[in-house]
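Structures given as structure tokens follow.
First chain A sits with chain B, and in the next complex the same chain sits with chain C.
Now for the complex of A and B:
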């Protein structure tokens, strides 16, 4: 890591040498990075599990309409807030990527240890939604445009539009069909049926419910556009939420 | 001097408090960890309110085809369920129901499920007052000893758990397979299908994200960037070079997304949306109308004695004399030992083989109508928390009475209604 004192940091009496000062800065950077990552992991994980919940837990909830609508919208909250923090305070184009990586690290630990390790649900039932390319998209749109307004509009729309194509490479294999006892099921349906979940009956699945029938089978683009549109609005709100919390004014300055 | 004494006392007290805390934590740790852990014996069905279990679904003829299996062996869980006519107002009607299994995780997988002759991988509809026959085919997956219940989840009503049986599974889960034939003809093992690719795909993107984060972190870190932004030099941190790197990265990411998407479509050209929907019109059991009619005339429940006492008027409209042999409710079976001379094969914790008696044990003759007092008394009533009926907001009981003729014919009659709790000295609400 390269660090410099070009802004004139007070490397005077407190440190014995410039090297010691730089070493201290680098060490503090690493500590900050680890702490930030852990805090984002924990808080975003709770947020996402509460709001996306079953849509993200189970393969037989990942449908064409509800999942691509709900999941990106609720994921946008922390992505926007994190960008606000990393960009306005540090000009770091990593806010969204960091937060979705933190979420996925937390989710994979949870899915592997809890869902598979404790209750034996196979991973192909419980793998999380992929979000990383959306994080890249949002961060790079912000970096290139330098504008949170453009990021909200362009980035937010792309965030919603990218979600389903990003997940399809894994999902497609589970949308192959099988005939089970004369009933047509996809493998995703069948996994959900085979691997018993006592507290998750079939009727709580929100599989393409609603009145949006005009577009025939092409429901994903419509859901994705709607999700992108709402993601724009969520971005505005949560960018400011992030800005609001990106301050040290809650701490007594004497104690710092 | 006084101040010094106080300080030394404070030190002493603090040290003692710390020692006490450590000792207390050690004791608590020993108490909670040293005794041998026992497996959970139930899935919370006892915690469901008594009126709910007694007056929603009455399970009968429940059978587990095996209680010992090897991994990959199959067994059947079969039985019948009566949808109680006096379904409580507090619980949603079973218009949307799902035939389920109560077990600790998918230790047995559900290969197929039927209500009547109809396969029910989906939600189905049941009518109040009718009886349905079900069959669940289970395949052993994980070694161990598990309590396995039949269960029906009712939308807006919650899970209603039926009787459970201990099932022992031998072998090793590593040997478990779940072959499925796809519509296009090939066979896959659903237990492991697609998992490796899922890992590769996810960890590829996560590694890319980690590289992106570390790249920016390693260039100028966090603190130095903060100083520069604070000094008004934030714009210098993201110049044309940085934007170029960003644009190239974004192009690579989007290209990868397109390539992965196209590859998936090429590999799996025929995919379907997930299937869901309500199965309606499932026929209840086609059985002749019962020749025994039962009219509830009142009842009481003695809380300390665990005794349900009900008065009924029984009319035998059949051609043979009948005797009351069984009362079943909430999965429990209370048998009249004068009728059941041999103990049926049923989980012991739910079978009170001497738990039923009647005021007049003589058979009810064809065409006769008789007032009977039926006494249901057994500790299981309390152990399974049906005695909590006295504390429910709707103190009505429900269940099925089974009458038997000399030829072995069985007549079923639903019974239910309000009961008055009787508290002896010392008992309190």
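Now for the complex of A and C:
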């Protein structure tokens, strides 16, 4: 096949006209953005569901200790990597928001179509955690500071601290107390008991334990602060992971 | 959308146009994939509950194992066929590719990448999380459950085939990817590809712990590790854009003014 043979274009010219060039650039930019969105969606989703998934899947897993610790730390990985790419290469402060939006698109489709549509769990048992305001926060800190160092420290801490408050408006109603057959439990627990799974938290003993309550009974702030601390460290690491995956290095064929 | 320019009279045959970009094949492929997966999802909805609960039942063999024994050989043939075709029809005079032809091929590659990205969504997001809800609801008695037959042995091979096609297209037709191996492109294809062999670890582990008590169990972290390599899409995007800029120097100011 002599695919390199070309007819009808000026020698050495890529484009026939400025209009052709601009039309192609605009269209292809959009397609590249869709490609990035879909790949980040798939990659982030498999990462998040297999590192924080159980806390994100079920309302009775959304406790005051493990959920606000695990979910923000795990989510920070892709937010930092995505910021690294979009900010360093394009000066676009959209990396964190884009990637959490992508994750949530994948999650909502799944919770409706599969958790509810195939295995018949009610949506109020399986809705995903909110993350978008955390994405806004991280992007705004990067945009204003222009520094990944400040974003790691200020943005990372805020990322962990914001998680529980932004989810609280939806979650609060499920933490109402109920007494069922003489047992005190939350509505979230009650929903969970009515839909027994292999991952029912009491069954696998992933229930919140009491020791942290010695800190003035306020488990959430301690968990959120710890989560923010680890998120800072994760940000440093994954900013550089994002840089590393942005490599334009080539290998000689003999090396492979 | 196609961007076309009429060829100079006397050079081109009547009605022939010199198309620089044509994403229609990519749109059609994604449309076909969407229809296929919606069809598969409907099949799953019905036969998952009707015939997918007991792997020792005859109907399980009929509706699920037969599906798996059909899809696996077809996928292997598609993988070999696409790679073989692209290699066989490779440009053997890659140094002589004119700029316009090179741009046309780069844009075709972007179409391939769009199809790959779409298939990654279905495999890594849609069917993988679906697997979580199925296995926390229906206790598995086999490695080849309905959700696995569609996740591991259908949606994963399909994205591998799409990634393989994109990689081979670039390697056989685009000068910057033909003479050397792009590290980012290699990781972008090979990382998600390695998720498939990692099923071996997963299923080996599930012979000890057959229930999906925790979806976040360390046994599953191999999928996470290889999934990270899809982030190499960053490097691939940079390499493609760098070359587009090099080939479009004359209109750089127009692009910046957008």
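Here, the second predicted complex is superposed on the first by the 229 of 256 C-alpha atoms of A that agree within 3 Å, B and C clash if a C-alpha of one lies under 4 Å from a C-alpha of the other, contacts with A are read in each partner's own complex, and residues count from 1 in each chain.
Note that a residue touches a chain if its C-beta (ideal position, glycine included) is under 8 Å from a C-beta of that chain, and two chains touch if they have at least 3 such contacts.
Not measured: the values here are computed from a predicted model.
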Looking at the overlay, what does A:233 touch: chain B (first), chain C (second), both, or neither?
neither
Now for A:194: first (chain B), second (chain C), both, or neither, which partner does it touch?
first
For A:121, decide between first (touching chain B), second (touching chain C), both and neither.
both
Name the contact category of A:132: first (chain B only), second (chain C only), both, or neither.
first
Could you say whether A:89 touches chain B, chain C, both of them, or neither, answering first, second, both or neither?
both
Identify the partner contact of A:149: answer first if only chain B is touched, second if only chain C is, both if each is, neither if none is.
neither
Touch test for A:176: chain B only (first), chain C only (second), both, or neither?
first
Could you list which residues of chain A make contact with chain B in one structure and with chain C in the other?
1-4, 6-7, 9, 25-26, 28, 32, 89, 118-119, 121, 197-199, 203-204
Within the complex, which stretch of chain C touches chain A?
1, 3, 5, 7-8, 11-12, 18, 20-21, 23, 41, 44-45, 48, 89-94, 96-103, 107, 110-111, 113-114, 117-118, 120-121, 123-126, 128-130, 132-139, 173, 179-184, 186-187, 211-216, 220-221, 223-224, 227-235, 237-242, 244, 247-248, 250-251, 254-255, 258
Which stretch or stretches of chain B touch chain A in the complex?
43, 96-98, 100-114, 119, 121-123, 141-142, 151, 153, 155, 159, 173, 178, 180-184, 188, 190-195, 197-199, 201-202, 205-206, 208-210, 212-213, 216-231, 233-234, 237-238, 242-243, 246-247, 249-250, 253-254, 256-258, 260-261, 263-265, 267-268, 270-276, 278
Contacts from chain A onto chain B in the complex sit at residues 1-4, 6-7, 9, 25-26, 28-29, 32-33, 60, 62-64, 88-94, 97-98, 100-101, 104-105, 108, 118-124, 127-128, 130, 132-133, 135-137, 139-141, 143-144, 146, 162, 165-166, 168-170, 172-191, 193-199, 201-205, 207-208, 217
Complex interface listing, chain A residues touching chain C:
1-4, 6-9, 11-18, 20-28, 31-32, 34-43, 45-47, 49-55, 57, 78, 81, 85, 89, 106-107, 109-110, 113-115, 117-119, 121, 126, 197-199, 203-204, 206, 241-242, 245-253, 255-256
